[in-house]
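Take this structure, written in structure tokens, and hold onto it; I'll ask about it next.
So that you can tell them apart, the chains are marked A, B and C in the order they are listed, and the count of residues begins at 1 in each.
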Amino acid sequence: MDFEFLGQTFLKLLPGIPVTLELATLSLLLGACLALAFAVIRVRRIRPLNWLVIGYVYVFRGTPLLVQMFIIYYGLAQFPEIRNSFAWTYLREPYWCALLALVLNTAAYGSEILRGALLSVPRGQIMAAQACGMSGFLLFRRISFPIALRQALPAYGNEFILMIKATSLASLVTLADVTGIAARIIAETYRPVEVFVAAGTIYLAISYGLILLVRLAETRLNPDQRDPAPVARVDAARKEVTP
Amino acid sequence: MNQMTPHAQPDPIQPSAVSVRGLRKRYGALEVLKGIDFDARRGEVVSILGSSGSGKSTLLRCINMLEIPEAGTVTVDGTEIALIAQRGGGRQPADARAMDRMRARIGMVFQDFNLWSHKTVLGNVIEAPTHVQKRPRADCITEARALLDKVGIADKADQYPSRLSGGQQQRAAIARALAMNPTVMLFDEPTSALDPELVGEVLRVIRALAEEGRTMLIVTHEVNFARDISDTVVFMNEGVIEESGPPEEVFAAGNNTRLARFIEG
Amino acid sequence: MLDTLTMFGFGPEGWGPAMLRAAANTVAVAAAGFALGGGLGILVAWAKIAGNAPLRWLAAAYTTILRGIPDLLVIYLFYFGSGLLLTPIANMFGVEGFVSFPGFVAGMGAIGVVSGAYHAEVIRGAFYSVKAGELEAATAMGMPRLLKFRRITLPLVARHALPGLGNVWQMVLKESALISVTGLVEIMRQAQIGSSFTRQPFTFYFAAGVLFLTITILSGLIFNRLEHRYSRGRA
């Protein structure tokens, strides 16, 4: 392996990192908000929105993200009505199209995670809150949601990693994220191995940083499980680093 | 023509069904078996009693080498399983196939049945006869149905184990072990995982087997049952055999306070 | 509306047959990659469960890395990487320019290697959910290792793994859309061709979505049936 070329490639990939990070952060944040709304609609069975959300989740989880992204970026241009509307300012930009596709996609997966978490909140703890005179939004904000959040965190952490990987599809609608730059270098140099190693390292570093953050959040949110085995936790963290 | 009759007397020529010498087994720092010597004659029914942690289950599991002892020998039906030292301590069988052959001649009934959940009751019973002993499938099925009839669950042959009660599952497991036509049957606390009202049906099956003159080693907590059916009762405590003999002697002696305490529960 | 019908019809002008052939390619490349990944997953799961320290380390590195790197990069690696191997050989025989695995092989390899990491996790989880006593009972009956593996361990693990494997399959199916970058004419590539030919990208990508959805629904039904069939006897 040519280490000088590896180093150069690494430097060339750096400008892609902010794009990747921004796409991932924004899509996860916006997607999570949407997902929460969808989850509440599902759990509360708010008709007819309930049915719409079920259909939405089914379609977005049943088709490839690439299809969704291409429909938004290439497909919508087919309609003059859209090309002439104010939305076109955004919909002709690959960045907003990629972001929109990522948000809609993660919202579908995220809503299922949050729905499961909300459904798993023990009935007794809700009744206890009702017995204290809580109800409606107060009960949701103070009791149901915090409990569900702790329940959802491990699965949602998984979704974070998947979304970082998913941002790479933005390169196929011409964005210069890490994968986009990597693909260009490969096409120019025909040296896929070094480029793969350099780009792969960046993605692994991002994923690993995210895992640490999620774990930190889990520790913070679960003080009751924090104290007993700090040593084991360090060991577990070390195990993750080894590759 | 045949002068040989089944007998329960020690025979200098015929080897014991099971013979254990100097058996030691430890888990880490804990020595569970501290040098066990033990014999079971052909046709003998031996009950092994003792509080939990006394090493009685480990002794049973060493006999078919589910646990490999650090020291000592196990001889079943005149054949000793050779163990060789392995790197990093402990021992391993010198010949894995010889060990499998020996295991095929020892029937084992587990505390929690361990029926294979992906096979019907009949499938469980014929599995090893058809695939380990490689006997014709049709014969195995006929024999299996007879065995299931014998343990009283002929009507459950085509059910999956999860549909059966604990007592029925344990009886199926006994049929599964019998299907190999074993020289020795090992019972590892066969009724401990059962609801009290289901214990009786399993004990009845074991008693019937004892009366057939099978060689059986039974680890159990059922003191009265042991007294009734055993030729020999062995009382274990902290990894050694403290008392051993015919039930009337062992239980009558009363000289062992630990045994007395155990019997009283 | 009528236009669309003609366009996807089976007449001389219609794109229907081409789209269906592309769908068959999608299923074929996804299935081949899934099978490859399954084989790899069994080996890696075995390394994780029963391997010595270096093997376990390798297996952990493999699953961690492949689950953290975008599939698109892995596909590029397989497609262009095979070119590194094949181009000099081809040039030796007088073939000019860049030569690589056909898209199908590169795509199958990439999908296999990526899904192998997910397969491994599913299989390992399934192995640990099998009751240890059921395996011990097989040992106690004197079953030799291979017989025990074939008759008892494998079927029990398979039953526990089936739902997880269904998820991996759905994932593989959707990832296969990315193989269009190699030029393999699967659903997405065919939709690209159709849309640039007719200038109706929405129509074609929408049709691609419908095809994918149909395949995921159908395979979901098949996996449900399999689960139902192989979970007989499960409590």
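One rule holds for everything that comes next: a contact is a pair of C-beta atoms (placed from the backbone, for glycine too) under 8 Å apart; a residue touches a chain by one contact, two chains touch by 3 or more.
All values reported here derive from a predicted model rather than from experimental measurement.
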Hey, how would you classify the chain contact layout here, line, ring, star, complete or other? line
Quick check on this structure: which chain has its C-alpha centroid closest to the centroid of all protein C-alpha atoms? C
For which pair of chains is the number of C-beta contacts greatest? A-C
Taking each chain's centre as the mean of its CA atoms, how far is chain A from chain B in angstrom? 56
Averaging only over C-alpha atoms, locate the centres of chain A and chain C and give their separation in whole Å. 22
Taking the mean of the CA coordinates per chain, how far is chain B from chain C in Å? 47
Of all residues in chain C, those that touch chain B in their complex: 131, 133-134, 136-145, 147, 151-152, 155-156, 159, 230, 232-235
Which residues of chain A touch chain C once you look at their complex with the stated criterion? 59, 62-68, 70-71, 74-79, 161, 165-169, 171-172, 179, 182-183, 186, 190-193, 195-196, 199-200, 203-204, 207-208, 239-240, 242-243
Could you pull out which chain B residues touch chain C in their complex? 64, 66, 96-97, 100-106, 108, 110, 112-120, 127-128, 131-132, 160-163, 173, 176, 180
In the complex, go through chain C and note every residue touching chain A. 57, 60-61, 64-65, 67-74, 76-77, 79-81, 83-84, 87, 98, 174-178, 180-181, 188, 191, 195, 199-203, 205-206, 208-209, 212-213, 216-217
